[in-house]
Structures are given as C-alpha cells and as structure tokens.
C-alpha cells in the first residue's frame, strides 16, 4: 500500500480542505472518535483520498472489565460500589446535575461497575464537578455513598487518563495539590495562601489587583485578620504524622496510592 | 495541661475560625460562656482534611481522629465540639466509619502507631458535636430565651444550614438519635432565632449547597448556587442570612461582591453567623460580635433596624 | 484455537428433537387466504401437482410447499447487472435437471428498494406492482419464483396486507382492471433459495468436487428471514432449528463445512438508504461486522449469500478495507453459484466470477477447479465475438 | 361414612391438599401423571429453595413422606382422569392407569395440575440447544442438584456467567405477556450459589425489572452486596458464538444507551412458567374455564382464587398462574378446606 502526500493545505487553490467525515450525510450522528479517514491515500495506484476511504468505527462495548470494579471496591471511598442498583436517586438529588447536563453520578457509578472506560473518557471534564453536598449519600436507598464514589472516580480518572487530567483538569489538579501540600505537609490550612495560589494557577493574577480583591485584602489587613493567618503555624511535631501518612499511602495496595507521591 | 472542669467542653477551632472567620469563633465562645459552658481549645490541633483527603483511604480519617486523641489525651474529653460544618462532617465521618469497619479502624491505628505521638490506640468512643446541636441539646432553647436582653424584634432572618451539618445521616446521625436535628428539614437554628425574638423566613434553600468545596477551582458552580440561595432569601423578605459554617461564609459572604457583579443586585444580602446574632441578643456589642468582619456589611441593616 | 474452530464448525450440524410450537398470537395467513378464496374474494395461484412441490417446515412449524417445476423466474434488479452469474447458475441447474420454466422478460421491478430506501412509496402502489407480476405468472400457468430477497420480503408483506385489508384489495383490483389483469395472490411466496434448499439433495447428486476442506460462512439476508419470519424455512437438523436453514442446508448437503461466526445475525451493510447515500456506513459494516469475524473467527474460505444486495455489498467493499488496516478478504457468492461451481458449471461462462472484486481464484484452486482453462476458453470466445462471431446462449432456454 | 375427594396432581399444592384432607379423615384419591410424587421440584431435582436456601427435600420430601404414610390417601401413579361427569352435586371420574381403569364417585375435586417450564428452544434468538453452554434455570438447578456444575461444552468451571431474565415471559412474541414471578428470585439465588461455588467466576444478571417481591428482596440484596453479582439493565436480543469457545450476549445497555456484545462462558436463561398442555386438557375434560394466559381461571381472582367456575371443583397451586412453592402449598391448604366444606355440605 503506497501513500502519497499532497500538501493540500498550502496549495493556495482556494479549495477548502474537507473536515474529517464531512461528507457523511448523517455526520452529526457520529462521534468524532468513531470516524477514521486518511486525507491523502493511494491504494494499489488508485487515489482514494478523503471521502473515498472513510470508515465508521463500531461503538459496540465488547467487554465488562471487572478488575476495575475490584480495584474500586478496595478503596475506602468506593468500597460500596457493589451495592448500586442504578435507581438514580443520586442524580435526582444532585446539586450539580441541574447545572451541567453531562454530570450524572448514577451513570458514572455504572461505568465503574462495568469497567467501561471508553464511555467514562467522554466525561472526564465534568466528572470532577461534584460539590460534595452529600444529598445523594443522604438519600441513597442502599447507602452506596455516591458522594464519596465521586472521589473514587477521580482516582480512576487520574490513573487511567493522566493525559486528559493534564489538559482538561489542570486547574483542579493543581488546586488539589496545593490543598494536599498544605494539609499533609503543614497540618494546617492557610486560606489566604490557598486563595492567592489558586488565582495565580488559573492565570488570573491580574484579578488580585482588582477592586474586589484589593478591598478584601485591605479590610483584613486593617482589622488584623491578615496577621492571624501569618501566625497560624504548624502543629507541634507534625512531621511524624506527615511521614506516617505518607508511608501508609505508599504501602496501600490500591489505586489510592497512585497519588501517594506527596 | 489540666483536665476539663465541669461546665467546660473541649473545643476544636479549625483553620478558618482561627484566622479569617474569627467572628464565628469568638461569638461562639461568647454565647457558650453566657449559656454556661466554656469552650476550651484543644492544644496543637491539626486540619480536619477539609474534604480534600477523601481519596486517601485511612489517612483521611487520621486527620480528624488525631484531634479526638488530643481531646482525650490532653483534656480528658471523649467528645469534641466544633463550629465548622466541614470539620464536623470530617470528624463524624471518620468516627462513623471506623466504628462500622474494623479494617479501617486498624488502618488508622497503624498510622497512629507509626507517628508515635500517643501511647494508646484510638478507640471510637467519643463524638464530634456541632456547636448548634451541642448548645441545643446541652442547654436548650429555654436557656437561650433566658439570656436574651436585646430581643431581635423585627429582624427577618433566613436560616441557612448548608450541607454538612445535617448530611449524610449515616455520619451525622441526624434523624437517628432522638435529639438530633432533621436531615432534610433541620429546625434547631430556627428555634434559636425565634428564641432571640427574630422572625425566620422560609425560602426553600435552607439545606441547598453553596458550592463552597469547589469555590477556588470552580467559581462558576459556586456563584450560581449562591446567587440562587441569596436571591430566594431576599425574595422571601429576609434582612440577613444566618450561617453556621465558615465555608458557606466563604461562598456567600466573601464572594458576594463577585456574585453581585455577575448576577446583579438580587444576589445582594447581608450575611451573619448565627452566633453573632445570639451574641447581639445576649447583650454583647456589635463590636464584640465582630459584625464588621463580614464583607456583605450586615452592620448597615442592623443599624437601620436599631439594634 | 483448535477447539474454537471445531466448535464453530459443528454448530450448523446441531440437531434437535425440538418440535416447533406456534406462538399463540400468530395467525397463519395461508389459511386466511384460502378462506378468502372460498368466499370468492380473491383468486389464488395454487401450487399444483405439476409443480412437484416439496414440503418444508417454517419457523413456527407451519408447512410450506415449495414448487420445484413449472416456474416463472422473477429476477432481481442488481443481480443481472452486477452478478450475472447468479441467475444464470440457477437456470443452469434447472436445465441440468430438465425442469420447465420461463425466464421472464415481461417483468417489472418490485420497487421495494424505493420503499426501503426512501419510503417514497405506498401500499397500494407496491401491492399493485406485486399483483401485476404475480398475474403475469398466473396467465402463463406457472408458479412465480423470486430471486431477490427484497422482492421476497416485500411480496410476503404485500400478500399479508392484501389478505388482511379489504380496502387494499378493492383498490388494487380497480387498478388491475385498468390494465386488463386480475387480483391474484400466490398460495406461498417462494424465494429461489428455498428452491435450492428443498432441491439440495438433488443438487448434491451432480457434485463434481470434494468440498470437505472448504469452510463456508453463511450470510443470511435480512429480507429473507427477518421480514415475515414465520414464513421462512427452518430445519430441526440445521442449527438445531434456531436459524433459517436455507443456504446452510445446501452447503451441508454438498459436503462443505459451515462455520459459525459471532455476527451471523447482522445485516451486510447494504441498508438501502446507506448504500445510496452513506457508503461509509456500508463499507464499515462490511469489514467490521461481517468480513473480519468471518475470517478471524471462522477461517472462512467463502462467504455464502442468498441475495443480490448482500452479495454485491460484501464483495465490492472489501478492497477499500485495506485503507483502515482490514487485511481480511474472503470471496463472496450466492449459494446457487457455489453449488454450480461444485457441480462443474463453467467459472467464466456460467458462474461468471470474473465480475467479482474479491479474489476468488484461491477458492477455485482449493476446490480443484481449473479456472485458467476456463479463462482461456472465455477469452477465445470474446475474441471470436470481436471478430464478428455469433453470440451463443450460454445457458439453454426452455423448450417451448 | 367419610367423604371422598379427588386431588389431581401430586406437586406441592396437590400434596399438601391431600395431606390436610387425609388428616380430616377424608378418603383422598391422588392422581399423578408421573411415576413419582413431588411435581416439577422433584422432576427437575431442585436443590435449594428460596428464600432461605433450605434443601428442597426438606419441603418436597417431607410432603411426599406425609402423603405416602397418610392412611387415607390412595396415590395413583402414572395415571390420569380419563373421563369426568357431574353426578348431581357429586362427580363421577374414571382414573386410568397402567393397571387399568377405575370409576369412582367423589364429593369434590381439587385440581392442582401445576405448570410447565417455558421451553427456551421456542425462542430461537437465545440459541438454546444450539450452544451447549446456553442452559436454563431448570437445567442449572438439576446440575447443582447432581453436583455437576461445570460448562457443558468442556466440563471446565466457568469464569463468567450471564443470567438472562424474562425468557418466555413478558414477551408478546412468544405469546406470554405475564410475569412469571419467581424467575428473578430463582436467578439471584442461583447466582449466589454459583458465586459460593466458584468465587472467581463473575456473575451478571441482565434484567428489565428485577421483581424479587416481598422478602425475596433480601436475596437480591445479598447477591449484590455480599457476592458482587452485577446487574445490567437490558434484555438480550441474540446469543451467538464468541471467541475462545464462548457465547456472546448482544444487548442494549439501556442505562448508558449503547450496544454491547459480551462473551460469556455460560448463559443461564431464566425461563418462565406456562400453563402447559395439561391446562387446556383438564379445562375441557372438567368443564372449567381457561384464562387468556393459558392457565386455569379462578372464579374470582381476589375473593376466591382457589375456586373454579364449577361448584365443587377447586384449584390450587401454579395451575392458576405462576407462583412460588410456598404459595402453592398455602393454596393447597385453602383448596382442601373449601373442598371439604363443599363435600360435607352436600353429603
């Protein structure tokens, strides 16, 4: 099979280059990942570039991966995954679902039960939007504890989709890191530092100089609260606790230790 | 350190209350003392984990439980009182889980052993108590009424419980123990406020989430939820919203200028802590209750109403 | 792997002692047709003694009579153009067996492609076209035999609609009067593959080659067995009566091995609408859902079909599969074509595999057919034609 | 003189009716078509009964023992009622067996002819009989009863098993629109037994609704929470051959809205209950009504579920519709009481 390259983009002829699968009549019905198309392709001397070689890849799920379920069941947060029978009470109770169409704890739990990573991948960006309000856990008739199941979900995403976490969940990941560094590293939380770091990480440093932020900082400096933050300090002999926790995490035989490198 | 006397209770402040939310901390102490209980801070406390540790197995339980150990070890108290709902949740979660699950208890004790700070194993025989539930059950509404010297007549208050004071009941035991609040329709704050002479309004978002957990990395969600809550309370005629959690304050009070900027004046309403209103009614000055700490400027409306 | 293949090979031969039980809610349309005839409501094209019928059992255990002689060939649109060896192989067999038939030239398309492809049709129009063709057979005193699966499915549907709806009958009768014809309905709607099936032991008698090393995979056409399924042939000895027996039956009778594969039930990808406007779907389906499993799971030497559209779609789309790494290839042909090959019909003049896209030569070699000789003869014949020679009928017409 | 009552059918319902009547001093003729008592549970060698997993023999064996040792019961094995006539308020019946025919007059009659397991071979899409590894719940019950629970195709223990609910039930296509009531519970029970037997064999249940009504729900919870049985929502449309000697279940995951084709080592079809050919037969012979589902029709389904439309003829057990063994036993007692009252009144 010989492949010949034509540099269509720079040919300057003004003819627009076709988008992948553009000519498929029902293109909108097919997800991007399910379309394969070679822009320039010659087979057996015949030019079959673009639409002449388009293939639609099957979206059939052909595996229930139970090892995945076992992995989650071992974690503290996800230990009750086997209880879920998909009644939808969690999603019905959810604070976030009304805001984000694709946020559906019921479905996330199901994907984890069946090890359906292919489907889960489509929800990475929204899967971490849980606000931890525990309405789902309060109402779940089987006490699956869906709110904490979302924590297990975060672990899963981190382990299996590190690339997507880097791109789509960069800020979430960094803020979480700041939290953990403070909580485990210092034993206490410096809220002022957390706030400034987070704003910096999200690339909104300018905002810190805006009127609202400036007023707040000024107020706290004036009433002395800014200094109490500086005086917060560390618990006495915290390092022994820190090391003990880190050791525990390293020894864990579950996905919980994937982020143990604190 | 000395063991606690009668009329003293071991108290866990938490990071927020010791710093930017000192108004909640100080007013809690003031009103407790007035009602006959002195809150004694445990020494050398550490952060509860603020929900960010849940994916870390038993380490997430070690954080709050170390404080329970401190209370017992240093103050001789099995129980620990706290005002922050997030801390309260983290504590009750850890206690409930290790009570139910022997493996998790041993894992936590492994960490205790390795840290080597205490010479004993942790035994889940104590309770975490939220200041609202604590004062309600230990002293009661009558005690509140007794202490009111400046009734808050004419002040319309929207009580805001948020999430973690009452949910989930598998951790907090709301609905379960006879004297615990209702998880879906909590009433304790209502009763306190009415005992202060204030009027409570019904607005439907009493236990709705403020989105506070994600407020740093996901403002959008939090602002939307807060705007809904504030505007509903305002529509119901509330003069102020009363809180029992510093995280809710972070979302509803500290961020209010930004919320107003985005959603307009409907989302503007003064925010106070329940204990600040109690302190005011108990005869403490507005300065003592530190109303000026609040970004949403409750002083204006309090002055207007003549308190 | 060995276990897996032997398991798949055995399946077509699984026998069952199971006796079909009719579902309680289904009504045998055949009985209602005869009731209508008794009331004088319709004329019925009966299968007579002279049609030498052979009885077969259908999905629900009903009996279906398959005529084997005095047949009227209703051919298929795409068949003659794309796969000319398909109808020719069938006629070749009938000639070999000395059966009477008419290779009809006064037939119309059944128009069902239009019906399935675009929905721009209506029951009256479809039924009128069907009755017009049925009447043509009727006036010649023959029983119609349909080559195309879509025609088969459509006519079964039309027969049911006509039996069930008086309004439709009246309307069609009115149209038929205009063109000087009458409302007639065949007793059974019969597909050519059903003829092949009931004649499979007769066909096997003509066998010239040993086929025991050939592994075939059968692709059943949706319109033969999924439309009006209660009217399709099932056999207790083939797939334990769980899958339609046609095509598989003749392969087994010829001594070839039939292997099962996971997507047996799936469509070929023709899809009517799709083959017209969405070839991407058709070609993807062919490679992903049919050809790859046939080759990977069943190590198939040949894919056996029973319909025009399926044969074309499965064959013509394999080459482009290479573009996306589908290296699997398997020759495709109808059951009757394979049977003709097995019985010594000429590869080029009768079975006409030269029109097929996927390489069929290794299959011929495996069977032991000298396709090169056949090719030479065929080329010589073409040269003759170019030089002004006379065309000869490659298959005989019936003695009139 | 004591009463004579005819009981047709020696399954759980008929047995209990016969035993109770015998204890009342009634002469009972128990007509059983098989050469043994115990009905379907005996015929298919049920091993454990839900909901408490007690050995089937504890229940069925006990009933048989009582019936066989009860002095007033005459059991007619391998026999049938070949003729039946009303005789005033009484009934003349001919009991035909291998040893000949016997005509007797009875004061009242209890029909307890039971049910038949739906034959999944009738629904071609499930490939039952085509693939060795596709079995149904009664096959699995028998395999467990014989301690021979392995893959029929190769004698090896399975690693992944699918249970498919609603086979032959709730399906207009096969003519049964009703729910067979017990298949869900039987399936979760079997899944538990299977997981106990082969802890590393995964169990999946494909369902449309799970109807483990009442306290049977406990078993369903147990299956999930203690044995990690996974439920998947979607009915199976076809079963084909899969890679490595597996069978593929093709379905739609209705909760995620996507197609799946999953290979399994073994598939267990939860085939439902049918009235069987004996129901129309007994209906025409005794002149009692048949319902639209092919079961015998009670006079009033709520008020008198144990009465047929013919006075003096009573109904018990699964002949009136799918039910659990415990319900059949209860109905046997209820029918016995009614048959006795009728007999005494019309003495």
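Note that the chains are named A, B, C and D in the order they appear, and that numbering of residues resets to 1 at the start of each chain.
Assume a residue touches a chain if its C-beta (ideal position, glycine included) is under 8 Å from a C-beta of that chain, and two chains touch if they have at least 3 such contacts.
This one's a predicted model, so the numbers in the text were calculated from it and none came from an experiment.
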{"item": "Farthest-lying chain, centroid of Cα atoms versus that of subunit B", "value": "C"}
{"item": "Whole-Å separation of chain centres (CA-atom averages), subunit A against subunit B", "value": "30"}
{"item": "For subunit B paired with subunit D, centre-to-centre distance based on mean C-alpha positions, whole Å", "value": "59"}
{"item": "Distance between the centres, which are taken as Cα means, of subunit D and subunit A, whole angstrom", "value": "50"}
{"item": "Where subunit C touches two or more other chains at once, by residue number", "value": "none"}
{"item": "Shared interface positions of subunit D, touching two or more other chains", "value": "261"}
{"item": "For subunit B, residues that touch 2 or more chains besides their own", "value": "none"}
{"item": "Chain contact topology (line, ring, star, complete or other)", "value": "other"}
{"item": "Subunit C partner contacts - residues on subunit D that touch it in the complex", "value": "119, 121-122, 124, 127-131, 153-154, 172-175, 238, 240-245, 248, 250, 261, 294"}
{"item": "Subunit C residues touching subunit D - in the complex, by the definition given at the top", "value": "3-4, 7-8, 11, 14, 16, 18, 20-21, 23-25, 59, 234, 239-243, 260-265, 297"}
{"item": "Residues of subunit A touching subunit B in the complex", "value": "75-77, 95-96, 99, 129, 131-135, 137-138, 143, 145, 147-148, 151-152, 154-155, 171-172, 175-176, 179-180, 182-184, 187-192, 194-195, 198, 202, 212, 215-216, 219-220, 223, 225, 228-229, 232, 235-238, 240-241, 243-245, 247-249, 252, 254, 256, 259"}
{"item": "Sites on subunit A touched by subunit D in the complex", "value": "59-64, 66, 69, 73, 82-83, 85-86, 106-107, 110-111, 113-114, 116, 119, 142"}
{"item": "In the complex, subunit C residues that touch subunit A", "value": "277-278, 280-281, 283-284, 287-289, 319-320, 322-324"}
